[in-house]
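Once you scroll down, you'll see the structures, which are given as structure tokens.
Across the two complexes that follow, subunit A remains constant while its partner is subunit B and subsequently subunit C.
Up next is the complex of A and B:
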């Protein structure tokens, strides 16, 4: 029983990271209709920012997260405004090509700057945790889950309660009508992508504390974000939260199957995704559009 | 001062050369992953090759029947792709007219390149592909100077058998790639012969970064020894998860990863007490028949790469591959690929890296692996006792008592 509870906790905690990675990806996909293949690379940029601030300025890694968010927002805004906006109305294949290319450029820039060494942020409290009987809850992962939930809540607040957010929602609903009522499309697009990148940056900061990163470490996260968003459903932040936590749980239980079960953890998650697509195409909580 | 000593050594090393006339340049070909995911290890491999290249050319080249042949190594970047590596290997043979081949980095690329060497009947001496699957194909032209995969963690088991209280239970975690599974499966059969039992064997996906559930499964069986057969990424992930989830064992040993400086910089004090199986360490004591002693080798490396610290085993084994090829060419007294192949097959020589001798498949099963332990942030060789520079710190203290 204790093992089962521990596994559920570990799955939910791992899910926190997937939530953080997924919300930005889901926002960009839902509003801009871009499957952002550079998302994982942006995540790792955030990871390196946290690592750099931690090693040179000895900042607490959690305090570097706002820096990651602001820096990545600016980078994402400029990227959308200067580059991606040019093909925003082109067929889907072009956005795939462009974001894949951006991914390659960012990864190779990181390789040039940081080399291929493995880096990890290990603060003094790393590895410590809350012990409840035989159950352990690691602090870093617990706070990471908290950060991911807070990140999602603030994103939902921005989208639903602010003028900019309402403009973004309006574009997602009907691009042409939004333009007719005077919404500046180019600016709103750039803000959306910037917000997505900022979420990626925060996720990267969390990941740098949990695992070792290299410039190529982001690629699996693009794929995971894709699954998380489909599981939860497009168009709602809360849906991504559910999708991320579900993905973490599925992974944990997949890995705990005796023998070679762990090898199939990803396959199980993807099968679940297919199942959801077949039975509930809008996702577990998504809105039909 | 160090640099001067090295120069003196290099000058002395030239005394055994016989020839005075200079012959044609020998071209060696090597595809390496100078960009992409294997950049780190490939760069170390290249450093090992270049250290020997400087030394041999300072002596005037390889002596074949009294004639000195200068040496050139032609490198291509295979972008860490095994398929690309094979394409470039073929290019090295047909376009660059490479006389002999040096291996790429990693078992995957070595396997694809071995097929090319075989088709063209050009000897390839490699130092970075340990999977036995490469050598079970019946190839005649591929030679590996390093200990094969099945030896990687056997040293740890041998060491554990000498410790008191003797550990008896093992939790084995393994990535699902060829090399890692060979390492792990060898332990499944070897441990019982030393009175130990593998009570948990768990495969995970190669490259996994979240291994919390695997560590939890290991914790459930409360093992004396936690073994991981994988790579640096997974070794770091397991060590982090072990601390977070309070998995305590008497021995934590990982096949690949802890020997690199990255393991210590990424984990800090949490890297302490971890063991690994290593092909070579700067502390080993072998008496070389030619080239440098271990101490001279370390000094030569530091003189050429002053900012990088001690050479790790990737560098040393790569240099050893060059030495094997050099000695085989000298013994063959010819640049004919067939004759050099036969000389490689008959080679038996000890250098700073250890004994180099190939079994009928072409892999070096004669050199033992050594066991390293990280103690207070520094690598120490702890087994076998005759080459060790420190005692194992055993048992590993519980996480909350460090």
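Up next is the complex of A and C:
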């Protein structure tokens, strides 16, 4: 029983990171109809920012998260405005290839700047945790989960309670109608992508505290973001939160199956995704559109 | 539409002749023996690396042309075709290494298994549309590679595990030549199959599905059967390339039989050349693979990239590839094949029109 509880707790904690990675990816996918293969690269840019600020300025890593968000927002806005907006009316294959090209550029630029060494962010409290009987919950993981939930809540707030958010929702519903009522599409698209990138940056900051990062460490997160968003259902932040936590649980239980270890992590994740896609394409919480 | 002038026609003929010369050179060059080339002072031909690169290019011609059948003609953005390559490689590899089958008997099994697998996963996956199909096929590609590396039976890896699978060397004179021609034959088969598809009732059905699937169904096209058949055909050709690769390379593992980057490369090749055409993907494969090899510094004729150290070169090559990807997608979305048919000319106006068509 204690094992079971521990697995659930570990799964939910791991799910926090997936929530953070998934919300930005889901926003860009749901509103702009772009499957952003550069998402993992943006995540790792955030990770390196946190690492750089932590090692040179000795800032507490959690305090670097707003910096990640702002920097990545600006970068994402420029990227969408300058490059991705150019192919919005092209077939979907093109957005795949374009974002894959951007991913190649960003990852290899990081390799040129930082090299391929492992970098980790280890604040003084990194080894400590909350003890509940036989179960130890690392502080970093616990705060990360809190940050991920807070991030999702603020994103939901922006999307549902601000003028910009309403404009984004209008685009998601009908691009041409949104343009007719006076929404500046180029700007709104760039803001949406910027918000997605900002979420990726925060996720990267969290990931840098949890694992050692390299420039290529983001690629698995792009794939996992897919699974998380599909699992929860496209189009709502809350659905992605559920998808991320569910994915964390599935992963934790999958790894606990004796003999398989963690080697089948991707296979389990993708089998689950294909299963969800085929049986319930709108996701666990999604609505049919 | 631009009216074809006399000068266009002349250019077309020049390109045709040039193309035939290049193709003939590529095919006939290996016939000259290495020693003869060396003594005649043409070391370019003597370089064994050429065979390897030429075989590699032919391999990508097969993969890009095969992808074109499902991605270009049918319009389903398959992102996991490398799974078929890996399945073909491991089928032939296992039969040779474990069951001791002769290579030429083991090779035809590769496309059969790949086809069976594609049919099996195609039935559920091809019900998905757009992004969902792309993502799901990508997932299958990743998952199959991981399974092949990690599946164990009584603690023993079935497919060679993480250390890979070693095949006995195929004993034949001029091995490099043999595999070069075998791969070129596979490329020829792929192109011939595409040519046939585009002229058959089957191909018209696939194009109808690409343009409007509901309308195709209303017209009496059995869309499920057609889509699965196109997927299986692509899988068969890709699996064949994988089968040849396994014996040619003698060693296969997850990294060289299921490389994720091949998924994107074969699509980029088809796109660069022109999707939905017979020769476009092949042209794109030759161009892009030559460029990749050149940037990576592994061509016999090579040049330094200014301001870049040798150590940083592979990384810079990847950056250049990324920039190329972005530029092609934005400015040449219909592929370079358009410029060769006399249909249109590369000009500033063309680039501007491409940009405007897809911009927000």
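Everything below uses one rule, namely that the second predicted complex is superposed on the first by the 287 of 289 C-alpha atoms of A that agree within 3 Å, B and C clash if a C-alpha of one lies under 4 Å from a C-alpha of the other, contacts with A are read in each partner's own complex, and residues count from 1 in each chain.
Definition applied: a residue touches a chain if its C-beta (ideal position, glycine included) is under 8 Å from a C-beta of that chain, and two chains touch if they have at least 3 such contacts.
Note that the structure is a prediction, hence the values are computed from the model and not measured.
Visitor: Have a look at where A:10 lands relative to subunit B and subunit C in the superposition and call it first, second, both or neither.
Guide: first
Visitor: Examine A:92 and indicate which partner it touches, taking first as subunit B and second as subunit C; both and neither are also allowed.
Guide: second
Visitor: A:35 contacts which: subunit B (first), subunit C (second), both, neither?
Guide: Second partner only.
Visitor: Classify the contacts of A:108 with the two partner chains as first (subunit B alone), second (subunit C alone), both, or neither.
Guide: The answer is both, since A:108 touches subunit B and subunit C.
Visitor: Looking at the overlay, does A:169 come into contact with subunit B only (first), subunit C only (second), both, or neither?
Guide: neither
Visitor: Looking at A:238 after the superposition, I want to know if it touches subunit B, subunit C, both of them or none. Which is it: first, second, both, neither?
Guide: Neither partner.
Visitor: Please work out whether A:100 is in contact with subunit B alone, subunit C alone, both, or neither, and reply first, second, both or neither.
Guide: A:100: touches subunit C, not subunit B.
Visitor: Tell me the contact category for A:266 with respect to subunit B and subunit C: first, second, both or neither.
Guide: Both partners, subunit B and subunit C.
Visitor: Indicate the residue numbers of subunit A shared between its subunit B interface and its subunit C interface, in ascending order.
Guide: Subunit A residues touching both partners: 108, 111, 259, 263, 266.
Visitor: Once bound in the complex, which stretches of subunit C touch subunit A?
Guide: Touching subunit A from subunit C are residues 71, 77, 79, 124-125, 127-128, 130-132, 134-136, 138-140, 142-143, 146-147, 149-150, 152, 264, 267-268, 271, 312, 315-316, 318-319, 321-326, 328-330, 333, 355, 357-360.
Visitor: Mind pulling up the subunit A residues that touch subunit C in the complex?
Guide: My answer: residues 29, 33, 35, 83, 85-90, 92-94, 96-98, 100-105, 107-109, 111-112, 185-186, 189, 223, 226-227, 230, 259, 263-264, 266-267, 269-271, 273-274, 277-278, 281.
Visitor: With touch defined as at the start, can you tell me which subunit A residues reach subunit B in the complex?
Guide: My answer: residues 3, 6-7, 10-11, 13-14, 108, 111, 115-120, 122, 126-127, 129, 131, 136, 138, 140-141, 210-212, 214, 216-217, 220, 251-256, 258-260, 262-263, 265-266.
Visitor: Using the touch definition from the top, list the residues of subunit B that touch subunit A in their complex.
Guide: Subunit B reaches subunit A through residues 35-37, 39-40, 176, 201-205, 207-214, 216-217, 220, 232-233, 236-237, 240, 243-246, 260, 262-263, 265-268, 270, 399.
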